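First chain A sits with chain B, and in the next complex the same chain sits with chain C.
And now, the complex of A and B:
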């Protein structure tokens, strides 16, 4: 019994595929050559400038102060902790701005679907105005123009237990140390003691990011709401639900199914746009890692790699959360 | 006697129905809740509108050439805007060579008028070709060489720089983006995967990070002795970043073309390349033109980020104006500059977004 011959690539097939293989080989060679040249140039430049390479600097002492930190951070802490503090600051502003922009976006979306009149016109004007002005300009405006108008510490604006002045918004905080209670901020000479402070930088950044992104979210939510058949809200009305309850219980859950994937993309855009913090000096990833750490250690390559990886990781986490939410929304689908 | 079953004489046209008068009460106050909200909004608009007019017109300072012209912060400081029109428009471009800038602005205005008023016969592809060729011509004219004295890009600034960066980004990002989109659909794994890695990598990083990398890191990877100025590096960063954005747009357009089109083209004997050129691309590109205009709006807004890395764009020109010795003073001066800039960007971007919507409606 003769063995079955192995199927061989026929001449014709090989001839047809050869140009493709050749092109891919050339592309690979070009990419490899570029990378190799880049590495060679980097080595030469690093040697000439006396730069050190590697991530050892993460354990050495940072030596700078961070204006706002969610963990205990002192100039004696290592660079690694500075990077953790910066990442937490970015996450803080992303969460705050995401929540705020979602709330504003939903209100504006329903406002644009209101019967013709003042509310509809105002919502449309809001969207057109704020999404056509560059985000950076809006953040700079809030920071340098609006917050500069706030009063100095000694005549702070009292908002209930909170204080508002040009050093930030001082909120009361929970305290446990002598006794459980509220730690109210109060003016103490030229300073405010007690409570927690929301820095002017954080205020301006949150405000700018929320307002700018709420216009895009409003359009996404509006498209989602419009995709819900009219019969749904009519049926809700006929079983006696009020307008707001019908919107909350019937229309919104169905609208979110359509809107969530696009909204997720918008939250990713928001997270990336939070890097504009560097322009007003809010201590986030871009400002601390890409700015201070990179220039202090002069290890720009390592610092920038960290920045890129951190933003990519944040984007991935947002995509994961949106996917989980999406699965939960679809799991309730009764149809 | 003949009987007609069909009418022989035309009926006189009827008058158009008289327009019903607008019922303002129903429009403003359909329900009590909406009515209260509307009233609140109207009061808010009236109060803030009145205060804005007070600030921007009634108490504004219009003329002057230093911060002394604008005492206090009760009124806007338009003197700051009018006195510094030149650095805002052209940056530090040499005064005796300014005619080159005016030619660019005029050519762009004429081109844009042609784009808006063009007849249906002038295809969108020709418009896109214009957008690719125009910036090249501008670049050559502005930078000079040969009989014209060379003007380095570091001297460009203000609106001129914003315009050039926008056009140059558009001109380079579109072809690269198209190649990336085609490469992503390629059957060759190496090509496909390099395009995917590039596009997804760019999309997961903030533009500011890309610009920082271009500003601080790229010189380390260039050969020693080879320098590339910050402006060119920033333009390359812009182009590559937006190419990734354009690639996603083009990919959507390519996906919208049915398989039948390509199969039909193969049936009539067109080669792969001819199918692409004659059948696929014309349909795909026409389908995504409104989305491309949206990319242009995004690029115009993104050019403000150049001020963060120290390129002298329009925003940067305003900020350095407020820091110049003659204009150091109240925060109000900078605020006036910001409000003016906001109005400029709002006009341009809103106009473009209306144009994009018109294109979409025409389809």
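And now, the complex of A and C:
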């Protein structure tokens, strides 16, 4: 790819474009002024109402516990750490569900393109069934069936060193203290001690988000695959590539070029839909920041602003990653 | 630059200016004036809590909290039906009150220091409650100390979260907590055995248990782990409105103390008792000093009855909730409920 040299702007071109630049500058100034007026007005009204405004509360002690935290969080930790823990929980479920839905989506896409038969019919049925049921309903279904079907702690299912019950899936973990070894989970009164736990809330949310979004991704991937001319796979077959190798080496890279921008939008939808976590008690951004922090501090507007900014940031990062991938893909294809 | 772009930009600028005018308006005027101008009292209520705020078979919402809203409407507007009920969870309630979505929260929220300082004003405690735990009857736990390592379900952002953290911390008990957006979901998860126990106000637990077909499979642990003073909430910076709400609620309690009921309130207007005369506005000018009619308390009592009648009708021993007055009995009967002197 050769960079196109930037043409020097001639005086005539500048003259022609000047009113446009001026209008943009004026517009920018007006928008900035609007935002400034809005903020000032909010502050003035808040002061008139005697509300304390600001983010000083982030440093005070949270005083509550979080069910699942990737960082070391106790009730003595400040609100800021609660927000970090909640954000990591959201990112965890978004990453897990994105990977899982991509894998399922790819399988279903190829399934729908298989010769007419059981696989093709089942794939189509899968898409139609799960695409047309509201996501919240699906998440609640997985959650309440999980806790209804899984046994109580005393009747845990033993899966090798792991334990499965209605408190979650308890996996053994590595421990370094007191001695290096395996920390095996074991039943201890009401609960299981040791190991790491995958909460039923995380399981249900990941499953619900993955299945729902995989149907949309499957259709996007299918459109991408269909956009690759038949000649490509025929050519691949004629040079002796097997079906799977042809799909992986020839068809998918070209299909991805069409599918990636649309799929990116779908990953953003998934990230936003993860906020349905609040319905089943998974401690994500919406639940911890928009719920607990907002109410315990009475700083609902600040907390909600943080929720907005965090979701916007997560979605912008996804957009950035997709754009970078897309650019690499296009550069690779020599376009 | 084409003409089209110019017009387009001009349009944007116009829209921007309109937005500025909207933004620069004062967020909230005097709520009492607004209520009178709108001819309706907007109350935020719980989504569903039988006995306090729940829809009956005809689809109308009724309960203890709804009666308080009706009393306020009757006092200010002279008509108990001029209410607009908005079911709200904690998030929407605390964000909606200061911005004027509702005028008052006749809800189940506890008066705490942080909420008060944060701009939520509680004119009068109308319900003295305390939090407790429910467990399955066949559970290993018979007291809170047995709940070591237990999983607890509760409502996110509620005082319960803090109470559990401090109580279990102080008693060196380990626990896991799962918090839900609504009390219903927390309760469903507990009934679905996701949790060993659920914590809530004892009145709330009674309301939930009343709805269960197999309520005998559960027991409420005897210990009460907190004091929960509960009452309606108004936004900070509205002294007139706050006074109207406070003394309307107060009138219901004062009426019970003085033996004024929904049935005899008309006759009591001729009472020679100066306390009753001041309460019902046949003498004095407390009402007009607050900006409502002098007989505001008469209207409120006529609409919903006195405090004891509101209690008995919605949550008392003859209702599914079967709540005894307990702490909410009048001081004269050994409880905590008393009126601010009407003088």
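Everything that follows uses one rule, which is that the second predicted complex is superposed on the first by the 263 of 335 C-alpha atoms of A that agree within 3 Å, B and C clash if a C-alpha of one lies under 4 Å from a C-alpha of the other, contacts with A are read in each partner's own complex, and residues count from 1 in each chain.
The definition used in the following text is that a contact is a pair of C-beta atoms (placed from the backbone, for glycine too) under 8 Å apart; a residue touches a chain by one contact, two chains touch by 3 or more.
As the structure is a prediction and not an experimental result, all values here were calculated from the model.
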Touching partner for A:30 - first (chain B), second (chain C), both, neither: second
Touching partner for A:128 - first (chain B), second (chain C), both, neither: first
Chain B versus chain C as contact partner of A:119, first or second or both or neither: first
Contacts of A:300 with chain B and chain C, given as first, second, both or neither: both
First (chain B), second (chain C), both or neither touched by A:136: first
Partner chain in contact with A:75 - chain B first, chain C second, else both or neither: second
Contacts of A:148 with chain B and chain C, given as first, second, both or neither: both
First, second, both or neither for A:20, with chain B first and chain C second: both
Touched partner set for A:321, first chain B, second chain C, both or neither: neither
Chain B/chain C common contact set on chain A: 20, 23, 27, 31, 37-38, 41-42, 45, 48, 144, 148, 278-279, 290, 294, 300-301, 304
Complex contact set, residues of chain A against chain B: 20, 23-24, 27-28, 31, 37-38, 41-42, 44-46, 48, 114-119, 122, 128-129, 132-138, 140-141, 144-145, 148-149, 272-276, 278-279, 286, 290, 294, 300-301, 304, 307-308, 311-312, 315-316
Chain A - residues contacting chain C, complex: 16-17, 19-20, 23, 26-27, 30-31, 33-34, 37-38, 41-42, 45, 48-52, 63-67, 75, 144, 147-148, 152, 166-167, 188-191, 193, 199-201, 278-281, 283, 287-288, 290-301, 304
Chain C residues touching chain A - in the complex, by the definition given at the top: 1, 5-6, 9, 12-13, 16, 19-20, 23-24, 26-28, 90-91, 94-95, 98, 114-115, 117-120, 140, 147-151, 153, 156-158, 161-162, 164-166, 169, 175-181, 185-186, 188-189, 192-194, 196, 235-237
Chain A partner contacts - residues on chain B that touch it in the complex: 27-28, 30, 34, 37-38, 41-42, 45, 187-191, 194, 201, 204-209, 212-213, 216-217, 219-224, 297, 300-302, 304-305, 307-308, 315, 331, 334-335, 338-339, 341-342, 345-346, 349-350, 353
